[in-house]
Structures are given as C-alpha cells and as structure tokens.
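These notes concern the structure reproduced below.
Labels for the chains are A, B, C, D and E, by order of writing; each one numbers its residues from 1.
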Amino acid sequence: MNGDKLMEVIDLSVSYGPIQALKGVSLAINKGEIVALLGANGAGKTTLLQTISGLLKPTGGSIIYQGVNIAGMEAEKVVEKHLVHVPEHRQVFSTMTVLDNLYLGAYHHRKKSKMKNIEKNIGKVFDLFPILKDRKNQLGGTMSGGQQQMLAIARGVMAEPELLLLDEPSLGLAPLIAKDVLELVRNLRAEFGTTVLLIEQNVTASLKVADRGYVISHGEIVKSGSSKELLNDPEVKEAYLGHTVN
Amino acid sequence: MLQVDSITKRFGGVVANSEVSFTVEEGQIVGLIGPNGAGKSTMFNMISSVFPPTTGTITFQGTRIEKLPAYQVAPLGISRTFQNLQVFKNMTVIENVMVGQHMQTKTNLFGMASLLLGITRKERKVYDQAMSYLAFFGLQDIFDQKASSLSLGKLRLLEFARAFATEPKLLLLDEIAAGLNHKETQEMSALINKVRDTGVTVLVVEHDMDLVMSICDKLVVLDQGVKIAEGTPKEIQENEAVITAYLGADIDEEEVEEEAI
Amino acid sequence: MGDLLQFTLTGVTIGSIYAIVALGFVTIYSVTKVINLAQGEFVMLGGLTMYSLTSAGVPYLLGFVITIIVVSILGWIMEYLLIRRAKGADPISLIILTIGTAIFIRGIASVVWGKDQLRVAPFTENTPVNIANATITPQAIWVVVIMLLVVFLLYILIDKTMVGKAFQASSVNPLAARLMGISPKRMSSLSFTLSAALGALAGLAIAPIMFPSYDMGTMLGIKGFSAAILGGLGSAPGAVIGGLLIGLLESLGAGYISSGMKDAITFSAILLILLIRPSGILGEKSVGKGGL
Amino acid sequence: MRKLLLPLLLAMMTALFLAACSESVEKEEAGKAGGSAGSGEVSEYKIGAIYSKTGPNSPLGEPEWNATKLIEEKINSEGGINGVPLKIILADDESSQEKATQEANRLINDEKVLVLLGSSGSGESLAIKGIALQQQVPMISAAASTHIVEPVEDAKWVFKTPQSDRHAVERVYMYLNEQGISKIGTIIDSNAFGSSGLEQMEALADEYKIEIVAKESYNTQDPDMSAQLTKINGAKAEAIVVWGTNPGPAVVAKNTRDLGIDLPIIGSHGIANQNFITLAEAAAEGVVIPTGKLLFPSQISGDDVQFDAISSFYKAYTDKYSSEPTNFGSYGYDNIMLVIDALKNGATDREAIREHLENNITNWIGTTGVFNFSDKDHNGLTADSLVMAVVKDGKWMLLEK
Amino acid sequence: MKLQGVQQTKWMGVLVFALAILVFPFIVTQSFYLTQATFAGIYAIIAIGLGLLMGYAGQISLGQAAFYGIGAYTTSVLTATMGWSPWVSLPIALLFPGLLAFIMGYTMSRLSGYYLAMATLALGIIVHTLLVEWRGVTKGASGFFGIPQLNLFGYTINQGIPYYYLVWFFVIIVLILSLNIVHSRVGRALRSIHDSEIASSSMGVNTSKYKMQIFILSAMFAGLAGWLFAHMSYSISPAAFTFDASILFLAMVVLGGSGSVWGALIGTLLIRMVGIVVHMLGEKFPFITSDFEHVIYGLILMLVVIFLPRGLFPTVADWFDALLTKRSSKKSMLKLAAKR
C-alpha cells in the first residue's frame, strides 16, 4: 500500500435505466499491485470494470488514472492510455483467425511502434500460450472455451497494458489451466510490471495471486483488506453462498 | 412433472450444457443455481423452447417439448419470466397482463376485424380477470400506466403477473430478484410462495442465495455446464463440490486432471 | 456456340457492373449492418461528376481522381450527417433513411445536371475486340478489369492491413473492438467513404457504356442490392458471385428465353435461390454467441 | 386524451387545406366572371393544355408547352380571336397519369375550359380521355397511341394530331418495301412507346409482307443490349427496327456496331432529335427514321403545301426559344391552331367545337401534316405526312426517295 | 363500454373524421382538390395496410405496388375484357392479391430482415414485368383502357364528388376494420410482438401466423385500392405500379408513424399536401418544378427517421398527451378520488 497510486476510483455511480448498479464505489490501485474484486454475481463487479474502461458512462464520481480523470472517456481512447480491459465471456473476434485477433490487440499502437515490435510481442505471447501458436490460423469462434479465454488474455497483453482489467479469466477453464492463467498474471507483473485488477470466481485461487482484495455487494464496496485477511473472513463465504439456512 | 434428460447444448466450439438431467416434481419450488457461466440460462431457455438442445430430451407431463416452438409450449402450461426484462414497454400494465391471457380466448384476425361494435363481452371478461391478477400481485393501482414508466421492482412484478396470467402449471422465473433491494426481494419470496400455494410448480434461476435458500424445496447446482449437485438447500450449502464451485478450491493442493471443456 | 459466348461475355460485363455496386453494399453492411440503398446514387454521381469535369476540360486522368475524391467526400458526409444520427434505429428505419437519401440526391442531381442522358468518353480507344465470333469492347474489358482490381484491392485491404482487420473486428464484435482502441464510429465513416469511392469507380467505368443520367442509380442500386443479398450479405466473394450471376441470368435469359421477361426471370431465380438458401449463396452462418 | 387531439389535428389540416385553396377560389371566381363556357357575351376564350413539362416525357412536353405559349402570345398581340382574347391555362402533368387526371379535372370543372389539349404521353392521354368522355369536353391529344382515337365510336370527344404509331410503322414498312427488305428483327423499349410501336408492327406486318423474325425488348436504363442484338442477328434479320426514345436506341446503335453487325438500323420518330446523335456518335451514322418535316425545315422544298406553315412556325419558335421545336413542337402548334380555327369560325362552345373539328377540318394544313378529320377518323393523317430521315455527318438529313 | 388503461378505438375520433370527410366537398368545392382527396383516399387504404404490416408485424414491403397493381388489373380484365360487373369482380380483386401474399408469405417464411425486403422487392419487379409483358391480357406497357365506370342503383359514379364519397366510404371501413384489429386481442398480441417477440411467443402468441395474416390483409387492402383506382380511371398502365410507387407508400407510412393506424392515414394526407404545396409554389415561382417534390420527399424521409423515429402522429400525440396530462392532472386526481 505504499507504491504510487496508478488509479483511484472515487464515489463512482452507474445506472442501467431504472437499476442503479453502482452506488458510490471508491477504491485505489497502486502501481505493480494485483488487486482482486470479489462478490456474488450481479453485485456490480463487471459494471465497475466496464465503467473504468469506458464502455459505460458513469452517472457520478471520477476515475483518476495516472493523474487524469478518465471517467466518461470513450473506450477507444482509454485503451490508448495502456489501460486494457479483457472482458467477460472472452469476446474474441469469432470469425477471425487467432493471429488476426492478436494483431487487433495491438491496434491502438499500430502507428507508433513498428510492425516489428508487434511481431516481437506476438512471439512473447506465443511463448506464454503455446497452444495459440499451434492454432494461429484457426478461427477464434471454433476454438474451445478455454482456448478462447487464453486468446482473449493474449490479445489484451498485445496492447502492452500498464493496468490490465481482467474479468473472470478462468471462467470455463479446466482447473489446471485456470491455475496457469492466474500464475500468468503474476508473470505479467514480474516481466512487464503490469498492474492488474482482477475479477475472479475462484476466490481462494485469486486471493492467492492477489495482494489485496475488495468485496463488492449490491453495488457497494462492503469490505477490503489484504488477501490473507479476506481469505479467512466468514463474511466472504456468506457473500457467495447466502446466509446459513437454519 | 418436468423431466430433463441428458441435455447437451453447444454454441460453436463452446459447450454450454453437458449431459444435464434432473426432474421437477409437481407442487415444488425448485432452484437452478450455479456460478456465473454455469449454463443456467441456457438450460432455462431450452426448457422454455427459446432454442432447442443439441442432444437430449425434455419431457413435460408426458409430452416431449424440446423441439416445439415457444408458442406451442405455452399452451401446455409452461410460462416464464425473463432475466433482462421483456415486458411490452409500449403497452400499459393491464395490457401486458391481457397479452398473458392470450390463450384463454380464441378469435382470429378476420373475425376480430369484422366486429364493428367494438368491445365484446369477452373482452370485458378478460379485462376483469386481468384486474384480479394485478390485484394478486399488488399492481392494481398502476394498471393504466405505461410499462416503460415503471420502476424495476414493479417491472419484475409485472413480468411475474404476466407469466402467471397464462395460467401455467409450471412457472419458470429467471432471476426474478435481480436488481431488487432487500425488502423487495423478501416480498418477492413471499409472492413466489403465494403462487406455489395456488398449485403452480415453480422453477427459479437465481443469484440471490438468501432468496433461493429460503424458498426452495430442492436445488440443482450447475457448474461449467455440468450438474454437480442436487438436494435440499441445507445439503447444498454443505456440499464440498458446491463450495468449491463457488469459492474455488485451492488448486495448489488439489491437482485435478480432467479437461473440463 | 458463338451466341452463347456472346451472351456470356455480355453477362459478365453487366454482371461486373452489378458486382462493383454490390461490393459497395457489402463494404458498408459488413462494418455497420446498414443497407445503403443510396449506393446506386454514388454510381450516378460518379458518372455525372466525370461528365462535368471532362466537359470543363479537365484532363481525363485528373478528372478520374477528382471524381473519386468528390464522391468519397459525399459518402463521408452522408455517414456523418445521417447514418451516425440514426444509429440504433431498426433496420426498417435505416432502409427508409437511405431510400430518402437516394431520392434526395437524385432530386438534386436532376436540378444540377438536368434530365438528359450524357456522354462520357471511354477510357481508351474503343474498337471492339473479336473473340471466336463474339465481340467485346475495350471499355467492357475495363469494367471487368476494374471489378477484378476492386476485388483484389478489397482483399488486400480487408485481409492484409490493420484497417481491414479493424473493419472486420468492429463488425464481428463492436464491444471488443472498442476495447482494442478501434472506434466503430470512425470505421463506419470509413466504410461509407470507401463504399462511395467504389460507387464512383463503378460510375466511371460504366459511364462510357451506358449514358449516365440522374435516374440511373435506382436500377443499379436495385441490382446491386439484389446481388449483395443473393451472394449473402456481408460476403465480398458472395457479392461478386451474386453480381455475375445476375448479369449472366439477364443476358442468357434475354438471349434464350425472352428479353422482355428477363427481369422476371432474374428475380424469380433470386427468389428461388433464397428459398433454398435463406441467407444467400455465401451467407454468414451464425457463429453463435462465441461462448456464454 | 387522444380523443381531443384528433379533431384538433383535423382542424389544423382542414385549415391548411383551406388556406391552400383560397388562392384558387379567387381564380375560379375570375373564371366564372369570364363565363367562357356559356354562350353570349364572353370576355375570353379559355383553353386548357396539359403537357408533360417535367418527368420522363419532358423532351416531348417541353416543346409542346413552348409552342402553345408562343401561339397564345401571338394571337393576343394580334387582338385575339374576333376581338376576344385567348386564355390558355397550361398545366404540367409531370408525366404521370395521376397528375394528368387531377389537372384534367381542375381544368374542366374549376377553370371551365372549352377544350382540353394534351397530354404528351399516351398513358396520360388515355387517362384524360376517360374524363373528357365523361364530362363531354373536346380534347386534342399530342400522343402517339392509336388507342386514343380508336375505335372512334368510343372516342367521340377525342382527337389527336401526331401521326399515330401506326403511321410511323406504315412509313417504315413502306421504306423497307422500297429497300427490298422483308425480314426484320425488332427491339423495343419495354415502356408504352415501344410496346405500342411493336403492336402496330405486328398488326401491319402481313399487309406489307414483312416478317418479324425476332422480337426483343429492353428496359430504358439497361446498360447493354448485346444479348438481344446477337439474337436478332442470329435470327437472320435483314434489318433492325428499334422503337424507343433516348437513350435506348443510342445504346442499340452502339452495341450493334460494336458487335460488328452491319445490318441497317431503322429507328422511330422517338429519336428525331440531336441528342440521339450526340450519344451514339459514329454509330448513329446511317440510322434511318420516320419523322415529321419539322426536323429539318430548311430541307423542305418550297412547293410543299406545308412549307409556309412549317417555316413560319420554325422561325417564330427558334426566335423566341434557344432550342429546336422538334416534331413535338409541331403537335403543340397544330393542337392549338385547330382550336383557333374552330373559334374563328364561330364554334365557341364545347359541343360546337367538337362538331367543327369532326366535320369542318378537311385539307387543313398543319405543321405535322394535312388533316382530314371525319366521324370515322379523329387523327386525320396518312403515313405520307411522314418523311424518312437519315443520319449523315452527325446531322439528320431528309432521305430523298 | 370503456375499459380504462386499454387501447380502444376512439369512436368519437372516427365519427369526427367521418364528418370532416362528409363536409369537405362543401367547403372545398374545386375539382382539383377533390381529385387530390380522392387519390389520397385510395393511397390511404394502401398506407393503412402497409402501416399494419410495418408497425404491427414488423415487416417491410418494398413491393406493395404489386398488390395494388394486381387488384387494378384483375378487375380491369374481368370487367372490360370479360364483361363482369365491377361489383362482382370486387371480391376477386381482393382475393388475388391476398392469395399471392399467402403464397409469398408461405414460401418465404424462412426469410427475415433484409432478405425479406429483397423478396418483396423482387415480387414487385416480377409483377411489374408481367403487367408489361403479358400483353394478351394486360395490353402491355401502354396500358389497359376502356375500364367501365361503377354503377350504383342505376347511377354512374363519376369522377368528382360521387367517386370521392365512394373512396372515402371504403377508407372509413378500412380504418374501422384496422382499428378493431389493433384494439383487439389479436392487436395486443401483434403490438407485443413488436416490443418483444420472444416474450410474446412464450405467452402462446403464434407470431408467424399473425404476421402472415397481416401480410395477407395488407395485400387485400392494396387490392381494394387497385379496384377503386381502376374504376375511377378510364385507363391504367403499369407505370402506376412501380418500385417508386412502393417507395411512396412507405414514405406515407413512415411520415405518419407506422405504429398507428391514424398515423398511416395522416401520413398519406401530409404527403399529398406536400405535392399540392410544391405545385402551388411552382405556379408562383416557375423554377420550382416537380423535381423539388422529390427532393422534399427525400428530405422528409431523412428528417423523420432521424428526429421523429416513431413518425409524426405518435410523437405529436404524445406531446399533446403530456401537455394535457400536466394541465388536467389535478382534475383527474380529484375525479379518481371521487370515484373511490
């Protein structure tokens, strides 16, 4: 908790029509941290990520990223700041090849960096995900769920993120691969110094990877703390499985 | 009453449901739960015939329904609500419910066109019936408001009322409490019980565990498209597989080799 | 036998024209899911602008380039002023919007250029070429060449460049595209600009063959739309196949059955094909939700 | 709530309509004061003319419109007809039957005109014909179709001045006979003009011993007609007869030459204009058509009975307008001149004008031809009123016999 | 019987409208406007049908002129060529378009969206080509002529006031039929399809059956309009039944608002008025030709889709509703209280 603040979310609110999905959420992420966002389905985790990356417009509050308020900024501008969102449900370009998906990940710096740099990144990504190399000419939509998830993360990595928003990366993955994915998150930090904000179903595993965590419920942050604290908190369990039946 | 037998559903390369089987007995409230992406909504959509399963059968009171179009399933006595709210927003509250009663009268387009004298007695009857449904769900005061002007809580109630107005034997409720506050959720629980007491069997998909645990007679738990548990709420809460599914096991200690998908 | 060859050559020429127009439809559709029924009007503008430029003494090649630029700008304006503002409207409204635009452009053109048919000189010396008892004019060869060139360039653009990938991406999954830094709005602009340029090119190519006039766009628009639908919306190879098929159906229908009934024959064939393949010959099969 | 709204909207609309009408009400009052439909004292003779000034038929309607205006001004500057000024109400039907119907109703019932002239197109003329017959108003059409005046029992009130397509076809067949050609391939525009030409070609074929070996057609906007022409060539035709208006025949001429087919091309009076030559360029050379003499007034010999009429009209027209009158100008001219003839001779009500036209127009010299109306013939022309023209060095030239 | 909160036919509105129709010829006596109004009535019948199709079945038809043309030619051939009475040919002139719609709807039931639009466009072109080419029956492109006039109790229904009343009599009938459909159980079902097809089919609404029925009905309305048009005119020609005509019908519906029966009617009247206004301006300013009419139609279509996506009538109706509700909210609250 003593690094530079990379991003600070202050009192953020979002509504979908009559539904208020976020009710004044505040949190902060320091450079180099891995932060987990926990909570039951429908609690507002995905909404928070989508608002940070610009897919949703907040109704109030601010998002200070690298000293600039990016709340309400268009998603396609946000990514240019190396704030990269790997969305829920993979969202790969299903009718395009794996390679094309990866190239598109690097779309926003197609001019600045030469193609060579992109090629180099693709090489690195293939090292991280050998399966993608084998299937580089396969259409995204024809791969299995797990492979699609890897492609989605790899595509995010191609954007050279400083802050990576990962929405349920292990969703639909076999446990062993899920473990790899989470380890990869650590590797990313080790190698590129990437900061990560992570939503993860697997509470235990994600808290093992993360430094800290926030618990969100009904659109509000209800608890925060170090991974260790949260792991042993009975309320966390209750947030997922409901009150104990008598 | 409802029998789901080894249902598998694939979308492109992704398997949403794999060999899922379970049954719903008459008069029960059954909950279908599971973490995000478990395939609950897919299963729900197949039961209500939004799309057919890739393989497997669904039998309702002896009739195979997995390949019927939705409008033919409804007359058998299955009705549903929608997670993402499919109210007819350009219609009034009572009109919404009257569409729900569609199957209870029979006149075709050309017959209707020739009724030069306007409203028939039938229409009046339907209207009065709709009013009583609204009263049942506590919506009678806003019967003439446009659906698009309602709050979320009222919209959920309206969907519920509309589905109930089809006079179903089996009612499918898809995240009926999503987005509701605590008090509204409790009211919803009470309503579901009240509906069951009229003799309607209820199948719910729900995220709100408090609601599920308090009203369901039986729970079916899906994870990654596969049924991992079935039992009473208490059994489920203590089921290791379920806890793992929701909270995640510590994968460092538990080497699982199976390729899930 | 000589007749068959002649009918085929004619059919390919006409079909190539339809194919270029259809590619314009596809370019816009595959990025924005809008069917632009004003596409024929771009063709008309191409032909008439070229007429004005050449009769004003502008050198041929320069006129060629200016025409394409002018019409492209009009395409961009159309997207910016109209389509962008109607985003989110249902397909019926969008069809009507573009029909309205077409009527509007046609009306303006009739005021600007009058109603007479005009003559534009061919690209090159136009002495017909004889191939085994059948003839084809150099301009007709140009039309086919331009069609092939357009197909090739589109292929390069879509498959080999970043912009092309971005085109595809924003069509396949606009949400993910935005997260990659691709602005669907800019892609939409670009697709209209590109498609207008294609229209202008078609107009340039056929102006020396059929005398351009303010009302030529309707017929070409309808045929181009039909070709795009027949081929399967969103598929560029489909558009070419659809265009050539309609051209051949027309010319063979006129040649062997009845020239008066050729439209009825062609459109009946289209209906029949749609009956068998409800989403066109190479229509996009839905890939599913790509996961849940 | 909407119950209130509806009448409100309706009231607004009615008000709008009323506002729109008020102007014409004044006009109507003026018309009544003129009382031109009745007998006795008249302040002016009111004539209605519907020509297609805009729309696809505008190349026809524009000269007709201009010619009509020209004559109105000329007559009135000369002090009118027997001291009564002529008032011609010109209306544009925009080449649409529906508009023609509306205008005809307006002119007959609101303006109470004595005679209806027009329209330019056959379809529009047929639409007006129905009204003229219902309302018993004499009408003189400027369109080609024979159906406008035939059968004559069903066309009591209807006359027309242009040569019928029957005459044009007869003239073409006469020419073919002269040339010794007996097998033709026809290619027509699939519009009214072309199909009515084909109808006459079929009807007259036996009489002139012509065999139609191929019948083809095209749509006005078709880019290429090679397929049809190949078929005609394959059917061993000795000449191609193309029946249409621009741009189709120009495409036909070009395609024919491009295909290397060197059969003679015979066109219709529909392309008796310079634009055809501009479009078809070199391919136009040698194309032969039947036409009225107004196409080349300077080539008409001085002893032709029509010489005076044609040259004076041509001069007046070209002096006033910067364009050629074309054959269509001559229809417009003859239409109004026939009415003036009737008025001059004291036929000043609808019935009398009709009687005059049917009975008293014999050897009447117009710019289109010499007219002989009778109760059996409301067109009054023969094929001789047409001459053949050929394109030579980029110009229409009279084809000497 | 008034059922509050349910869309019902406003009989007062129909009555007022019918009265307006009745008195119009007495206020506006010029033949020109009467003819305009007569044509407006013919088009209104087509537009109402098309409005039902677009607004309630959610389908577009780019070939509605085909049904209009078939209606007109059916009766022309039956009466002029075969000597039937027009009144006997009326049901046939409705049946043929309906039958074609049925075949079309049945075979094309797998199509949707743009593909369906394409199919209707193709139908329009095929029918138009047949009208031109089937010369033995239709007399070809120059048109069918000699169509007998209508007779009623020995009186000939001439163009002008008699035909105006005849046409608008049918408009009122079509209007009432349509309002009844829209405000019935079936109409509710159709409206619900528009909001959420998936929900309405899960209420047991057979969406494809209703869509088909509406398609047939709209074709029959167009056939009726064709019948009226043919017997008003002495001659008809294929030129009146082109793609352009289909587009004009679309424009009327879109302008008025496709989700409302009144909208289609009012859209038709407005489009006619645009024509009249341009015509009048053209008389004052010769440079304003009929071309401007098209420019304005185009402009209207563009502006309406962008600014009034629901069309003029529903939007204006809502403004009024809002205005009236604001003003009368206190009053109605009191009324409600009194009732209880």
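Here, a contact is a pair of C-beta atoms (placed from the backbone, for glycine too) under 8 Å apart; a residue touches a chain by one contact, two chains touch by 3 or more.
Which protein is which chain? UniProt says A, B = Branched-chain amino acid transport system ATP-binding protein; C, E = Branched-chain amino acid transport system permease protein; D = Branched-chain amino acid transport system substrate-binding protein.
Everything quoted here is computed from the prediction, not taken from an experiment.
Trainee: Strictly by the touch rule at the top, which chains does subunit C share as contacts with subunit D?
Mentor: Under the touch definition, subunit C and subunit D have E as mutual neighbours.
Trainee: Just grab the chain with the largest centre-to-centre distance to subunit D, centres being mean Cα coordinates.
Mentor: Of all the other chains, the one whose centre lies farthest from subunit D is A.
Trainee: By mean C-alpha coordinates, which chain is most distant from subunit C?
Mentor: Following the centroid criterion, the farthest chain would be B.
Trainee: Determine the centre-to-centre distance between subunit C and subunit E, using the mean Cα coordinates as centres, and give it in whole Å.
Mentor: That pair's centroid distance is 32 Å.
Trainee: List the centre-to-centre spacing of subunit B and subunit C in whole Å, with centres computed as mean CA coordinates.
Mentor: Each chain's C-alpha centroid was found; their separation is 47 Å.
Trainee: Taking the mean of the CA coordinates per chain, how far is subunit A from subunit C in Å?
Mentor: Whole-Å distance between the two chain centres: 42.
Trainee: If a residue has to touch 2 or more other chains to count, which residues of subunit E qualify?
Mentor: Residues 132-133, 291 of subunit E each touch two or more of the other chains.
Trainee: Could you list the positions in subunit B whose residues touch two or more of the other chains?
Mentor: 12, 14, 37
Trainee: Identify all positions of subunit C at which a residue touches two or more other chains, and write them in rising order.
Mentor: In subunit C, the residues touching two or more other chains are 218, 260, 263, 287-292.
Trainee: Quick one: in the complex, what on subunit B touches subunit A?
Mentor: 12-15, 35-37, 150-152, 155, 175, 178-179, 181, 207-210, 212-214, 224, 233-234, 237, 242-243, 246-252, 254-261
Trainee: Going by the contact rule set out above, which residues of subunit A touch subunit C in the complex?
Mentor: Residues 53-55, 74-77, 79-80, 84-87, 89-96, 100, 103-105, 107-108, 110, 140-141, 145, 148, 155, 159, 172 of subunit A touch subunit C in their complex.
Trainee: Which bits of subunit E are touching subunit B when the two form their complex?
Mentor: Result: residues 1, 3-9, 11, 176-178, 180-181, 184-189, 191-192, 194-196, 198-207, 210, 213-214, 217, 259 of subunit E touch subunit B.
Trainee: For the complex, give me every residue of subunit E touching subunit D.
Mentor: 10, 12-13, 16-17, 20, 24, 27-28, 30-36, 39, 132-133, 135, 140-143, 145-147, 149, 158-160, 232-237, 239-240, 262, 266, 269, 273, 276-277, 280, 282, 289-291, 316-317, 320-321, 324-325
Trainee: Which stretch or stretches of subunit D touch subunit E in the complex?
Mentor: Result: residues 1-10, 13-14, 16-18, 20-21, 23-25, 28, 53-55, 92, 94, 96-98, 101-103, 105-106, 108-110, 122-123, 126-127, 129-131, 133-134, 145, 147, 154, 190-196, 199, 217 of subunit D touch subunit E.
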